[in-house]
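After this come two complexes, each holding chain A, first together with chain B and then together with chain C.
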Partner chain A sequence: MTSTPTKPTQPVSAQAPPRPHGPVPRRRVRGNRSQLLAIWLFLVPAALLGLYFKSIPMAEGIRLSFFKVQPFLGDVFVGVDNYLAVLTDARFMEALGHTVILGATQTLGALVVGFLLALLLEGQARSLWILRTTIFLPVVTALAVVGEIWRILYFPTADGPLNSILGWLGLGPLQFLNGTDTALWSIAVVGIWSGAPYNMVIILAGLTGVDRSLYESAGVDGATIWQRLRYITLPALRPSLVIVLTLAAIRSLRSFTEVYVLTGGGPAGSTEVWMTRMYSLGFQRNDIGVASAAAVLLLVVTLLLTVGTQVLAKRKAAR
Partner chain B sequence: MDSKIKLRSRTAAALTLAAGALLTGCAGGSQAPAAKDDGQPIEVWARAGTDAATTYAAMFKEFTAATGVQVNFQGVPDLDQQLQTRAASKKLPDIVINDSAALGNYTSQGYLQTIDKSAVAGGGTIAESLWKETQGLDGATYGVPFSRQTMVTMIRKDWREKLGLPVPTTQEELAKLATAFATQDPDGNGQADTYGMAVPGSTERGYLGWWASSYLWQDGGAYLKDEGDGKYSASASGAQQGVTWIKQQFCTPGNTQPGALTAATSVASPFFQTGKTGIILTGPYNFSSFDASLGKDKYEVIKTPKGTEDNTVLAEGENIYVTATNGKQDQTRQVIDFLVSAEGQKAGMTAGKQPVVRVPVNSDVDAAAVYNDPRWAVVQDALKNSSRSFPSAINFVPIKQAAAEALNKIVSDCGADNVASGLKDLDAAIDNELAGQNAKS
Partner chain C sequence: MSPTRTRPYPPSGSAGARFDTALGWSPRLGPNMVLRAVLCVLVFCIFALPFAAIISGAFDRNSSPTDISLLPKTFTLQNFEAAAQQGLWGYLLNSLVVAGGGLLLQMTVSVFAAYSLSRRKFRGQALVLLLVLMTMMLPEEIIGIPLSLVLGDLPLLGISLRGTVLAVILPVGIWGFSIFIMSEFMKEIPAEIEEAARLDGVGEFRMLFTIILPLCKPALGVIGIFGFMMVWDQYLLPLIAANDPGDYTLTVALSVLRNDTTVGPGVLLAGALMAMVPSLLVYLFLQRSMIRGITSGATKG
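Showing the complex of A and B:
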């Protein structure tokens, strides 16, 4: 978590009484040791699970990215060939473009919509609670189900659900997922629809931390709603927004399910993203080595992005 | 954090990594493991869902009753992924029954043993052309044909008769019928909610390339040219006529179902099944589900309409593969002999709800007679006289995928004159893939 400029408490170690000079008494050391042992004992179950289901597969994935993978005949080391194959593949580069467009649209869209929802639905009333729960539902629905439902909503004829609404307004019918120009944007809308409520919850939590009296005094000073939003709400929300942005960016980069269910990367490759390309290479063409290299590249980019956001946020907060 | 803890946690992390490396083990060497007989019942895997697995199980029960040889059978829906896992542990199942198209992939991974076809009892009842499809790039035989089938054209008979139109005999008439189904309200509900053909136009798993191949051949085109000696070259540029016809179907409103460009078979078939489209080109394994949902009398299986050349349709099938780790020679021979024998083939057709032998490879068995269903005669006839299959010696999956991607691009831009240029790009992609597989002439 990012630290806020004014820290209410100091770290525990700083508050502890300074250690006296000279050798530490024996009993302290033994006490420390058993405490450490206890800490490690408690950590072991989680660490083992993490090791087996996260660390080892990850290390294995990185290893595979340097090999021509043929499990039966034995893998052959190929150096950085797999990485070169990914970086020189025109379709991967196209997919990268789509991923960035989709990621940026989804991240910003979900942030703005989530923020608006949070502002609208902040409060204690029971009706708001019900409304918030309803709006949160897309987040807890399986993405594959969401995809199938939107596939129906986007049905590209005049009698499709969304197109008939457009028809009342004298518009359409639109091709949605079936058109090369509209497919990517249609997927982005689904992403925003299912991602915004998640952001809403985090921002709502942030909003409860805003000091009410600031609003009151701003009101007394005659600040407009926009000014209150700009100079009180947004600065107070910075930590929440940073989390939301980081999470959303990571999620968008590895978006797979919605694309796979909605379009399978088509039409004409117009919605192919990094993950769908990786999937088809790894599991449909059995080219595990190249797919692993693509996965490692995605990991590196995600890592850079996360660290970058955190550093930027810290620097801003320190100013 | 105090520095001591930091140091300890670093040590711990290092230890953890070391342990991880030990646990994972290092897969080394590039030698295929030797075949061994572990004394267990022979293990047979087939790519099969629940219904097909029941048929296989019943078939092997007959086998065990006749020979006393125990079989450990597994129906595996995601066979290739599971095989990878078993390959990593260097112990493949003894026998694998899967698509004939898997042969190229399996041989390149070193999964298979060669087969002495003269040692197969009843090998003579299998047509030489089918044996040819089991040859690897080196000319050796790597599989035994088990079942074959072709795509068939199915049409809503009641719709066609209501509109007073004849059974289509050419691609042109087929297209006209599709337009009529879309525009003349064949289901009589007063709404324009019916379409011509149900088409899996998605690039997913190469569906469009698979579906389009029959129409390409009918107009004299092909993705590949066999140059002999296990070498091939791309020839998609010569398929302009067929692709143009296909593009017309996508670009005439209603001739294909809405959303066809992104539809896999699981999305496309329900359009026919629920009475939204009137034409479908698909495998005969759909008979049972279409009979159940539409009714046997509502649709007809027609002789495939002719293109400018002929009425070739795609033939596919399953082979029996013997894996490299199989050390049970006697039992293997008995299993293979039974599976291709007349009793074995009949059992595969009738032992369960869903046939696992579609059209028998054994020429002594007559599909139409066994099923007592003239529709199978259409399939059997097409298989014998006017079918063609994808080459199985090479790994055809990437080529099918490339074809699907190129065709999807061509047909999704109706305004553009892109058939020639798109096929030229496809040729480049195919040649590139062939070169990667050492199969480029």
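Showing the complex of A and C:
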């Protein structure tokens, strides 16, 4: 879900207290001994927690990925066998396909819907503000709760909540989460529903920054609404959206909760994604070595893509 | 392009207002406005009505998801009584303890670490910063399996946290995002502010709490709401940290309520409603911080 915020390139600094004499170069105090001790003590809680719950698990995960893990019998080193097992496992490859489809659909869908919402709800009026606040609710709600709501809305009989609405429109009842060819798309819709309002807020902030006089001169020149959007609004939004979107796409590679809650990977494996496959291998089948190899692969891909994005963004900014 | 940039707002209703939105919505009554109103109602239905259905369903006597309606047909509190028998309040208590403890720990850890990283210079600082950035990039979902092993048998200490609230509280205590937000904010506070206090011989601890922290309220709001949402949204962690379903947080326990075929969807919805209320309250109180947190990252391209 989108509630894990992306790393802001320049967080909250706009609200920092004003500097008294213009931009003063920051002076950091190189302190005396007791001061230095305090500084290091302040870092101890973060270091301990990071060590125990980030570093050790990560190292352990990498180590286990090279072992056949057997409780009570002792671990046996197997080299890259676990990695080969992942890469040749048909269900993992299928899960990879689902992960990419789901990620792409959710990310792009949430962008388009978020953009449309922002265009519709842009403005100063109080009623618009209330509406914006209301439709942000899906973002704030825990993903597990969102999943449970949609499981009920998607109830697959003809008199299920969503199917009744489709019925009024003259559309046939859909199987939604129960159909092998509709389940993945149904999950994607939930992801879009809970992600679009987040994008809307980002896009609204971008829209505020668009120079109004440009709209005015476009109006004078007789530009159509489409031309206005295409040549004024979109270029102004692009810089703020690209990074946020890329990071969201990378994050979608490890979506777990919504799939686990909505379908658990079923029906017939049609919504199995990388994380759910990994989870069922590691925790239900206790194949910890192979599951760890899958985790390491996901980690490597995620890190490469994240670092790649940051480097590209920096290079672009430098130009 | 910062969102706070001043721009002349044409008085509403004037001809210039037409240019105040990207689509040029007209503030005057007309087909344009009717279209916008219709679309707004539609959007409201799509994003808000499912929540109305939860609330109604939680108070309604219903036996199948096909009975869900926007207003309860027969108002009842039975769902909550049935959910209580399934352990609803225990789950909610787990959730609240985990969220409260986890958030408190996370914010404390972040404030201390951010102070060291942003206000002082020391040898090895670059390395520590790199480590913070690395934990930011290391997605917690990925280390789920080894983390569950570590929680079952803490290295060196040899104790098991599994089945205790600490198994969720401690791992969420370290969050790179929160440390990063805090230290970026503290960097902007001018060094002169500390000087007078420094001459009076104020120690680091009091410096942080009486001088620096009161200036950081906006950033505290941001890490507060994002931290809460991060902790409340945890799913895999409480799942692997539990010894038995009694240890689940409410969000995870919803699947237990759902899988119990002896109870109707009303009981599940009663649970879902209780899992929603805290995040709703936090959102309503800290909404500004939320919006600020989202947009500050995005507007500086």
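Going forward, the second predicted complex is superposed on the first by the 242 of 319 C-alpha atoms of A that agree within 3 Å, B and C clash if a C-alpha of one lies under 4 Å from a C-alpha of the other, contacts with A are read in each partner's own complex, and residues count from 1 in each chain.
In the analysis below, a residue touches a chain if its C-beta (ideal position, glycine included) is under 8 Å from a C-beta of that chain, and two chains touch if they have at least 3 such contacts.
Note that the structure is a prediction, hence the values are computed from the model and not measured.
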item	value
Which superposed partner A:140 touches (first chain B, second chain C, both, neither)	second
Touching partner for A:40 - first (chain B), second (chain C), both, neither	both
First, second, both or neither for A:268, with chain B first and chain C second	first
First, second, both or neither for A:153, with chain B first and chain C second	second
First (chain B), second (chain C), both or neither touched by A:120	second
Partner chain in contact with A:161 - chain B first, chain C second, else both or neither	second
Touched partner set for A:286, first chain B, second chain C, both or neither	first
Contacts of A:76 with chain B and chain C, given as first, second, both or neither	first
Partner with the higher number of touched chain A residues, chain C or chain B	C
First, second, both or neither for A:84, with chain B first and chain C second	neither
Doubly contacted chain A residues - partners chain C and chain B	13, 36, 40, 47, 56, 60, 151, 155, 157, 159-160, 283
Touching residues on chain C, where the partner in the complex is chain A	1-5, 7-9, 12, 16, 18-25, 36, 39-40, 43-44, 46-48, 50-51, 53-54, 57, 64-66, 68, 108-110, 112-113, 115-117, 119-122, 128, 131-132, 135-150, 154-155, 170-171, 173-174, 177, 179-181, 184-185, 187-192, 194, 198, 203-205, 208, 215, 218-219, 222, 226, 229-230, 232-233, 235-236, 240, 251-252, 254-255, 258, 265, 268-269, 272, 275-276, 279-280, 282-283, 287, 290-301
Chain A to chain B touching residues, read off their complex	13, 36, 40, 47, 51, 55-56, 59-60, 70-76, 151, 155-157, 159-160, 177-178, 180, 183, 262-269, 280, 283-286
Chain A-facing residues of chain B, complex	2, 5, 8, 12, 16-17, 19-21, 23-24, 27-33, 80-81, 84, 87-88, 90, 92, 105, 109-111, 191, 193, 201-206, 258-262, 264, 324, 397-398, 401, 405, 408-409, 412-413
